[in-house]
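Each structure below appears as structure tokens.
There are two complexes below, and they share chain A, which is joined by chain B in the first and by chain C in the second.
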Partner chain A sequence: MTAMQQKGAEGFLHRYEGLRERLPGVRLPWVAALRDVAAVAFRASGLPTRRIEAWRYTDLRAVGEAGFDEALTSLEDGQDLPAMRGSARAVFLDGRFRADLSDLDGVGYAVGSLATELRKLEGRVGALARPEEQPLAALNTMLFEDGLVVTVPAGVEGGVLDLLSVASPTERPSAFHPRHLVRLEPGSSLTLIETATGPEDGRYLHNPVFEIEVGEGATLNHARLQQEGPRAFQLSTVYARVAAGGTYDNFTLNAGGQLVRNEIHTALVGPGGACHMNGAQLLGPGQHADTTTFLDHAAPDCASRQTYKTVLSSKSRGVFQGKILVRRPAQRTDGYQMNQTLFLSPDAEIDSKPQLEIYADDVKCSHGATVGELDAEQLFYLRARGIPGERARAMLVEAFLTEAVEGVSDPVARGALEAAVTGWWSRQMKDAA
Partner chain B sequence: MLKIEGLSAEIDGKPILNGIDLEVPTGELHAVMGPNGSGKSTLSYVLAGREGYEVTGGSATFDGQDLLAMEPEERAAAGLFLAFQYPVELPGVGNANFLRTALNALRRTRGEPELDAMQFLKVARERMRALSMPEDMLKRGVNVGFSGGEKKRNEVLQMALLNPRMAVLDETDSGLDIDALRIVADGVNAMRGPAFSALVITHYQRLLEYIVPDRVHVLVGGRIVKSGGPELAKELEVSGYASVQAAA
Partner chain C sequence: MPAVSETIETVQSATEGAYKWGFHTDIEMDYAPKGLNEDIVRFISAKKNEPQWLLDWRLKAYRMWLKMEEPRWPAVSYPPIDYQDAYYYAAPSKAAPKSLADVDPELLRTYEKLGIPLKEQAWLAGVQPEEGEERERLPIAVDAVFDSVSVATTFKDRLAKEGIIFCSISEAVHNHPELVRQYLGTVVPQGDNFYAALNSAVFTDGSFVYIPKGVRCPMELSTYFRINAKSTGQFERTLIIAEEGSRVSYLEGCTAPMRDENQLHAAVVELVAMDDATIKYSTVQNWYPGDAEGRGGIYNFVTKRAHCRGARSKVSWTQVETGSAITWKYPSCVLLGDDSVGEFYSVAITNNRQQADTGTKMIHVGKRTRSTIVSKGISAGRGQNTYRGLVKVAPAAAGARNYTQCDSLLIGDQCGAHTVPYIENRCMTAKTEHEATTSRIADDQLFYCRQRGLSEEDAVGLIVNGFCREVLKELPMEFAVEAQKLLQISLEGSVG
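Entry: the complex of A and B
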């Protein structure tokens, strides 16, 4: 890093000024316009501070102070990539698509790189993202270079698509801002399993934005396994729009990273749509993870279920903010939100903020939050049966997560998730030993 | 097998056990009878190693090993089993997973190979049939939504699977109707043999009609005040604990 390098929002704006002639789509006026509008918004907002209500519990100063350079991609081909899940995989290295590491042969839908296909994507990029309201979406819009573009045609069962994001080892902090577009046409289905990983000691910012359109009667299973390196920042924003009779299932595991925000905006815009948003946050020493959801019930007869579980060990901090908005036309809405926290350490902290805003009059909506520790009676019962203390604790933690994990219907996604949970636990045990 | 000498224990500074002397030789089944508040459950919990009980004096050895110095799982590995008076519910932990994990943990300590899911199911089904337990109890959460009788049968199933060298049965008869009582008693009797010992803790003599003890000890005020043969249980049924208390 040079002595003159700027940090904070200025650093990102400076980078945008320097890069804009090289960013994809520079010759596409609509792309340039999107980026310029986003830059204006980002210049006005800066990185969000805790003075903003939506960011009251998550402090981005560490991100502002990091001073990011361009990612110097340096992964050897195929090196250390986790095993592929399902039959197709798209690999992104430092936010850039790597055709050579991907395996997309024979899939029954269109899938490719946003950078390559950008000129065909007018009206899709930015269709759902709201950079004027979310500063991180503005940052992403300003600086996105690449991303995944998936379009599943009407009636096609897409199977499992593995989306792997890898940050390469880096000496200087690097940042990347992929923009992923997923469109399911009517009656189609897809399971998207996303894994994000990075090096043990590298500092980087992964700032992805998803724009997801679920067509009439279509079903998207979206499993996100956030296993970034321990010094990483992941600030992700998902926008999903669900048409009549469509289903969007999002499961997010937050197990890695130092500072993580998982923000999801789902709008149910057609009658009979459904959304399940479940998640688990498994945090250890010094980690901070924030799940913030906005569920917009805009149409009648839709159902939403949210179950978020947080397990906090050592000195870690979890945040859950969940808002359900039921608009006037959204009669017979069935909404449920549950947020539960398990403390494994007295030094941990959780902030939980549910919010209901209801304008329709025929609505079933409930929310709840619980906080607790491992039950001494249960632990003794297991140990009295010969199960060693650590295994007994692991069983109770897994049991705590069950309700959220059971919400993941796809068996491949569920298997991946269970393996990630087990991995987290053994890591905690290793650190404690 | 089990030798308790001068055992005293308290909870939150309140003495509950006040110098218990009790010995259960290998192959014998002894009963401990006592009124409410005499320390019956405390005795079973202290033997199994539950937290919150402070041992203030005396000793308990299991096969010559200092039982009180062992972790609960070490006691189980050594072959001690406690059937709980109030079996604990474990929502989210499947009964089959629980039973197999426990069985394999013990098999590991015994140097036996672990059972895979299929091998385990075969063994478990056999045991469950003997206890008239419906097979779907394997799929449910441990004790979750079980009736009182089902919970007690689940305890006996665990005992049968884990095959301990000594079982402490804490009021296993409470909350059981006569049919369930018979099934549970059959389960215990099936375990009996020259290598199996048991301590049956109960308030009522009823259970001892089905599980006939070699010896009966009367626990009052945290001490064994009287010991005798199986006939002692019947005497208590007639004369009540007050008479023993007065005599002691």
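Entry: the complex of A and C
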């Protein structure tokens, strides 16, 4: 551990010591035990350094240096919340649920705040998260205050739920660690569209952990639009478990933030489960975004598809690490992973590490990775047909991203993503001009 | 699938049978005492009558090694190695013979049993010359290494006529000290990694090749390594220098006699290619893999690296890895010269409890540098096979190009196949492509072949050969014969 990471870790531990008696669930022995165990793990690991293989390409020194305070929650005049996309919306300000800003009337499933419902959640909090393996999950477990709790009953079609995470403007760097729990009972479905935003100049750490359980034959569409402020750190960890015949779709757009890590652990634990993990990283000057996926095929006859695209403009750095594990019982697994990167600028960097670890013999698994710049011939073709240079470039970038966005089956989620992609591109063009 | 289990059983019975080349030759040995310390390093150096600078170089490496840790990142497991419980020097006690006639007859008999092509004319007698052409068969020059000291070097005169130096590295230290001193450790420095440091401290022998400017080496250069003495680690050091516009093809192959104890092998190979030079380095590795329960077998921890220093230089690594209990090996190319080319073609087979963690590194520094990686991994029994590779493109490597293909074939449900590629690209105009697949021999492929009258064994052989074809075709013809034999021995009737 470097000195800075050490210092940063100590800051968080110190905060835990100070807050321990005030954190939600302090009188619930199981919560206190979870937090204490996580604190021990975090004390041992600290903030991960690049010497750890899983963090080889992402340096958390800046997080260690920041020195975070508690968020002073407030909404400034004129800070607009993004428009509602679905029939319901849950709003979190600095990681705390705001009933006054949310709209959850008349939904056909249970939805609420973790802080309020914590005493009913024994066995659900921490069911999937692995604080002993992922230091950031340990940090979250130690310090979580609130989060979204959704339970969709068997057979219910939940429609679209908006999850909005907003960071408020602060003078000093702030940090929040929400814990979100999503459970889909057998045969149910839900589209969860999560948007994370923050102020233009605010320094903050958003460290969410998701624990997602997809029941038999259930379907969760999970679209994540990461549009944090340009000085933000977002380090998120998603744990998902998919039962027999269930489907988990995850699409993550990384467009905001200065330093971003999007880590997804999905386990296919029942026969016939499916998982689609797609994503796009659109990075501008000075941004660093890291998508790390771990797909655990633990049951037979499951299929997984992953398509991740990264577009890099000046001085940005993209990272993709994707591991597919096929365990011995997971016969007839069909696994596919594609990771492609487009360079728009000569001073960018991409680090890509796709990985297969296979112990079953009757499997079809493949991965691919490509890196390149815009094809000069394609550009020429478009320009020869009278399309101006910038428009032609935009078309080719859009086409490059299509394959990943196309994988999003829910039309509302796809529309939101397409709008976010278009928005990113026009901002790039404006900055360039 | 009864056919499947049947074939798995057949494999087991075939592979559990006695190791074909598991015999043992007794030759009087001259050992250094067991263990490793500075005195042993001095002993080795003194024994080989080395100049002071080389002793200092070894001692520096030894001191680096003391501070280093054994790598733990490869996907292999083995009991801890006690480096103090091995001999670091063992040489045939008689003075190195001047010609084949002087070679210990027992050694020649050993080679005969192995079918080593010291008399490669006979070995190749069955090969028809090309139609309508009475081509002179180019002989292969053999620098046979028996344990640690080079004991036979042939065709020296013919090579000398061209100005080519092909000798043991200890000879080179005495006869061409300026060349050895200029290049030794410049590609793989002493402190490069744990095993390279160990090798640098205690290397006993190996080959030295120098191809002068503009010379095309008239024959394939070949070294057969063997590990023979009980509890003797082998630490070869090979150095090949190809001057401007020269070409050389180097073959390295090995078999080892059956034994019970694990043996450590930590070789270092350094290649240097100048402007327009080409080096082709081919390996067939068939050391004792251990028995069906994984007892015994060679630990093969090798550092191989090439510097393409000149413009338009080219280095091509081809390897067929069928032996060893554990293989840890990443033949790499540092592409420094503009338009230089690196290639890596590999077949790795793990059966029973063999473990292989192998791959390559292609480091693109020069402009328009190109690299190709084709890796075929076959896992059977309880074997674990990992491809681990790095493609790194520096910002200056404008127009660099990489293509990587890794395919794995699984035979049986107790083995594992893993792929761990690293791609690090910092150059906008560079293009890298990687693809990897994992599959097994499909029942319909087998059915198709069997329906046409092929036995199951032939069908499997056909399919596996087809799977490895892209790599096998890169081998020099003399080696391809042996490689195909080895594939068959390793996997006979093995698939379902």
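We take it that the second predicted complex is superposed on the first by the 422 of 433 C-alpha atoms of A that agree within 3 Å, B and C clash if a C-alpha of one lies under 4 Å from a C-alpha of the other, contacts with A are read in each partner's own complex, and residues count from 1 in each chain.
Here is the rule we use: contacts are C-beta pairs under 8 Å (C-beta built on N, C-alpha and C of every residue); 3 or more make two chains touch, one makes a residue touch a chain.
If you're wondering where the values come from, they're calculated on a predicted model, not measured in any experiment.
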- Are chain B and chain C a fit on chain A, or do they clash, once the structures share the same frame? fit
- Message: Between chain B and chain C, whom does A:Met395 touch in the aligned arrangement: first, second, both, or neither?
- Response: first
- Looking at the overlay, what does A:Pro354 touch: chain B (first), chain C (second), both, or neither? second
- Message: One more residue to check, A:Ile387. First (chain B), second (chain C), both or neither?
- Response: first
- Message: After superposing on the shared chain, does chain C or chain B touch more chain A residues?
- Response: C
- Does the superposition put A:Asp105 against chain B (first), chain C (second), both, or neither? neither
- Looking at the overlay, what does A:Ser366 touch: chain B (first), chain C (second), both, or neither? second
- Message: With both complexes superposed on chain A, which partner does A:Arg328 reach: first (chain B), second (chain C), both or neither?
- Response: second
- Look at the superposition and give the distance in whole angstrom between the closest pair of CA atoms, one from chain B and one from chain C. 16
- Within their complex, chain A touches chain C through residues 53, 328, 331, 341, 343-373
- Note on the structure: Listed in rising order, chain B residues that touch chain A in their complex are 48-51, 71-73, 75-77, 82, 84, 87-88, 90-93, 97-98, 101-102, 105-106, 109, 141, 158, 162
- Message: For a test of understanding, state which residues of chain C touch chain A in their complex under the given definition.
- Response: 73, 395, 408, 410-440
- The residues of chain A that touch chain B in their complex are 376-378, 380-389, 391-392, 395-396, 398-403
